[in-house]
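In the two assemblies presented below, chain A is common to both, partnered first by chain B and then by chain C.
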Partner chain A sequence: MSKGSIRGQVAVVGVGETTYYKRGESPDAEFKLGLQAILKACEDAGISPKQIDGFCSFSDDRNDPTRLSAALGIPTMRLSVMQWGGGGGGAAGAISNAAAAIHAGYADVVVAYRALAQGQFGRFGQGSTAAYAQGERAYTAPYGLMSPAQSFAMKVVRFMHDHKIGPNTLRAISMASYHHAQNNPRAIMYGKPLTEEKYDQSRWIVEPYFHLYDCCMENDGAAAIILTSPERARDMKQKPVYLLGAAQGSGHRAGAPVHNAGDYGSSNFTQLTARMYEMAGVTAKDVDVAQIYENFTGGVLMTMIEHNLCTPEEANEFFKLENLVVGGKLPLNTSGGNLAECYMHGLGLQIEAIRQLRGQSTNQVANAKVALAAAGPMVSPVSTCIYGTEEVL
Partner chain B sequence: MKFDQIPKPVANPTEPLNREFWELCKSGFLHFQRCDDCGRWRHLPRHQCAGCGSPHWHWAVSSGRGKLFSWTISHMVLHPGFAGEAPYAAIVVELEEGVRMVSGLRDLPVEQMRLDMPLEVCFEQVTENFTVPLFRPASAGQ
Partner chain C sequence: MSANAYYLPVGLPAPAPANDGLDKPYWEGTRAHKLMVQRCNQCKQYQWGPEQICNHCHSFDLGWAEVAGTGRIYSYERIWHPVHPALKERGPYLVVLIELPQAGNVRMVGNLLGDGRQEVIIGSAVEAVYEDHNEDPKNPFTLVQWKLV
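Right after this comes the complex of A and B.
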């Protein structure tokens, strides 16, 4: 039996984003934001929204495909797929699920989307303030352990200790995002540069590694990506960008509660990346630009190492600002990412990978042909996509 | 009740296996499940061994000794019960038996935490129905 592959079978043809807002500041309802992003993606692709026949999302998005189809006047909805679990770790998964459905013939034009209005609804990722703790929480809440920042910090503590990696690596990751946001008018932190001093003096969220600037923002807005077959893509407005490879999931007992995962100090990509690179027919050396989900900077460090973009031994030298900006060894999070553009739970990073390969980034990497975009470090499942231009096929 | 007088959350599992774990903490000894067939220790409580698949197990007494596997100091107040304590440490302890658990730290300033340092369990009765296992530096000679 031949091994399946998505390589070159599906093209990204449209991307759309609303204005991005700080959490709670959207003037529009979440559903309207979702519609706006989808309509912008259709406009970008040069298609009618009525051509969409499939929807994919992640992290329990509240705006379900049946409502969206009705609002958009879609004559036939053929696909409604939710990536299950892992929160923002499903951003690349939503795209790979869309691609799989197109390749299988379940749908022809699929949109992957995410919409957030956290004033209208609750804040994402908040702990409970209940007096009693049940289930897994019973083993963490009595000790005050109740947020992703804390749990993920403990994975990073172990990883950085075991590999003798210093904290300046994390500062460089944060500063790369802020550096790139200064050229991106869509970015929340546009016009708000970050200096080493400002980073060092920022308040702790959790010690020992997560300052304020190591943590993703909280935002309102929406983003959408439209995918279709290469044949259909030829008649559309934009230069197609092709999915080369994708993977989702996690390793053996990655989610073992509480903190009992065998591979503890990990972003959970160790088993995925070989699958993805093999499918894509490229290696880490071929990656021209990387968009790596920053829930916290420590997760970016581990994700990049687990994608073979650098070794643990090289990390202290590699993670320096000059290496991570356009013109450096491997430009990272060139839109400003989740730290400084917008935390659309990672979908913005996928869009930036596509912009780079179209040559449309506000921080364009010269002649970028292969772009990596990974989602959700340290959760389970995680997901990752690698894109290429036509000449890579 | 004022914000900083609200008590910390208390484990109150509804599921029988989890209830047994916390009930056993009242004995002053830490207990974990151990597989009758392959001898593996496990935590959190569950009905089947993830190693060999056996459904046969018993509660076994842990040595209560382990090492500081990871830690973090929280500056945020995520629950009003911790309002008076921030910044405070939450830790992961790897017990001699191989299982890990989340816990809290006693008898050690947080600045003196070092990964892999030896720790031993101690217990504090929080309410009549809830005794919580915590860890302190291992006493000399152990």
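Right after this comes the complex of A and C.
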């Protein structure tokens, strides 16, 4: 084990999610969705919810651990950690914070969770209708630059320009998610396949790279993941999956205001992945299956390149549907991901990585031992995790 | 400039100086049709957007420099899907990210004037056009737009 490594020190023992809904269609309140996901994750692990003693979330989740602990009658809460930053940049960060706390002895059984009900609260994809814009927004909103798609598109344009990468790469990423969703009954887009023609004919959200099908959905639901020590994991219901490595953060002035990041055309993973792989004791070549956060397909492309899964020069050849589906070179987003399963701010992608290593995916990769799950490209901070089966340790 | 000469329809959020006073010189500059960029009085480095400290030398002694209103297109996007009621009938419009070589390559966001469907080439030279908004006499402001040279 390398110095300071989490490798093999913490196990994922439970995963759970609610029914996934189109945005605004949940019959249940957001807090109730969160409780349902946590109970399902506990059932999956074979533990009582009262054994949970720590909570980790991200993206300013509204369902705070104090209320959750009271609602669940938890006797002792030892940990309540929020990963700073918006978007889904903290999905892997919430898991790695939970793991760090378990390894340090702050808590024994920690749940990483996210709940969203956009009917009860506001939508992500709309601009503010406030009369005034202050601070950084004063430099963008008056020019009609307001939504996440609009905020990230220029990063993708610059990256594609710098590396001479064509738009068919993004179509392949979108189609891989939809392809896999057709086998996943949980997926919002189950039974709604995507063809090249349908993609090509879909309307522009932001030209030149964001068609409708390049953009994530907006959904209601909740997801939860339970982590504990390997010793405790042995007595639980599922085959443990181990965290091999994790990293979070961003590079030099990634959050510099008004699009002044030093490394602008980037998913923000360039400074994270080397330390994650070193910690994990694996390389990109060892990754059997990848779950890469799709806020937009361009973010997936950059994330995969910045995780060394493909070079920029190889991208036009590598990003073809046949390479990205089960049986191909590197199966990608095998649940359907944020584009076609559910946009649960990327926690569903972490769950899918774990299911692959348990052998429980609806699009199972044969003999998968190492799974990568990256969160929130282009925001800051971003985060990324790599998981392995017991035989990898 | 009359309201119908604006690049985007009226009704979008109006810029208001931050309540900590940090960016007041920039917005006052735009009213005088001057492009002001924050610059460190100690190490002379430019930075944008404005911040309370120089990210390079950590001096709090920051000033403002008037720079030429010229630049080049670093990146761009053509927005088709409106996310604000004021833009529902606008049709596609161009947002550009402009790099200012004369100010340490800081970047500014604006619109590229002209046809929203025009071809955009990264690296193209542009110059600033000051779009004065006086529709609300209590809150006049000026946007910095860009046109191809």
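Quick note on the criterion: the second predicted complex is superposed on the first by the 388 of 393 C-alpha atoms of A that agree within 3 Å, B and C clash if a C-alpha of one lies under 4 Å from a C-alpha of the other, contacts with A are read in each partner's own complex, and residues count from 1 in each chain.
Heads up, the rule we're going with is that contacts are C-beta pairs under 8 Å (C-beta built on N, C-alpha and C of every residue); 3 or more make two chains touch, one makes a residue touch a chain.
None of the values given here were measured: they were computed from a predicted structure.
K.L.:
Once chain A from each complex is brought into register, does chain C clash with chain B or fit beside it?
P.N.:
Aligned on chain A, chain B and chain C clash with each other.
K.L.:
Identify the partner contact of A:P208: answer first if only chain B is touched, second if only chain C is, both if each is, neither if none is.
P.N.:
After superposing on A, A:P208 lies in contact with both chain B and chain C.
K.L.:
Please indicate which partner A:S229 is in contact with in the superposed arrangement: first for chain B, second for chain C, both, or neither.
P.N.:
Touch partners of A:S229: none, neither chain B nor chain C.
K.L.:
Which partner chains sit in contact with A:Q120 here, chain B, chain C, both or neither? Use first/second/both/neither.
P.N.:
Neither chain B nor chain C is touched by A:Q120.
K.L.:
Which residues of chain A are in contact with chain B in one complex and with chain C in the other?
P.N.:
Comparing the two interfaces on chain A, one with chain B and one with chain C, the shared residues are 127-147, 149-150, 153-155, 157-158, 161, 203-208, 253, 256-260, 264.
K.L.:
In the complex of these two chains, what residues of chain B are touching chain A?
P.N.:
6-15, 18, 22, 43-44, 50, 69-76, 78-82, 85, 87-88, 90-92, 99-104, 115, 126, 130, 132
K.L.:
Can you list the residues on chain A that touch chain B in the complex?
P.N.:
Interface residues on chain A, with respect to chain B: 127-147, 149-150, 153-155, 157-158, 161, 203-208, 253, 256-260, 264.
K.L.:
Enumerate the contact residues on chain A facing chain C in the complex.
P.N.:
The touching residues are 125-147, 149-150, 153-155, 157-158, 161, 203-208, 253, 256-260, 264-265.
K.L.:
Help me check something: in the complex, which residues belonging to chain C touch chain A?
P.N.:
Checking each residue of chain C against chain A gives 8, 12-19, 23, 27, 47-51, 55, 74-81, 83-85, 87, 90, 92-93, 95, 97, 106-111, 122, 139, 141, 143.
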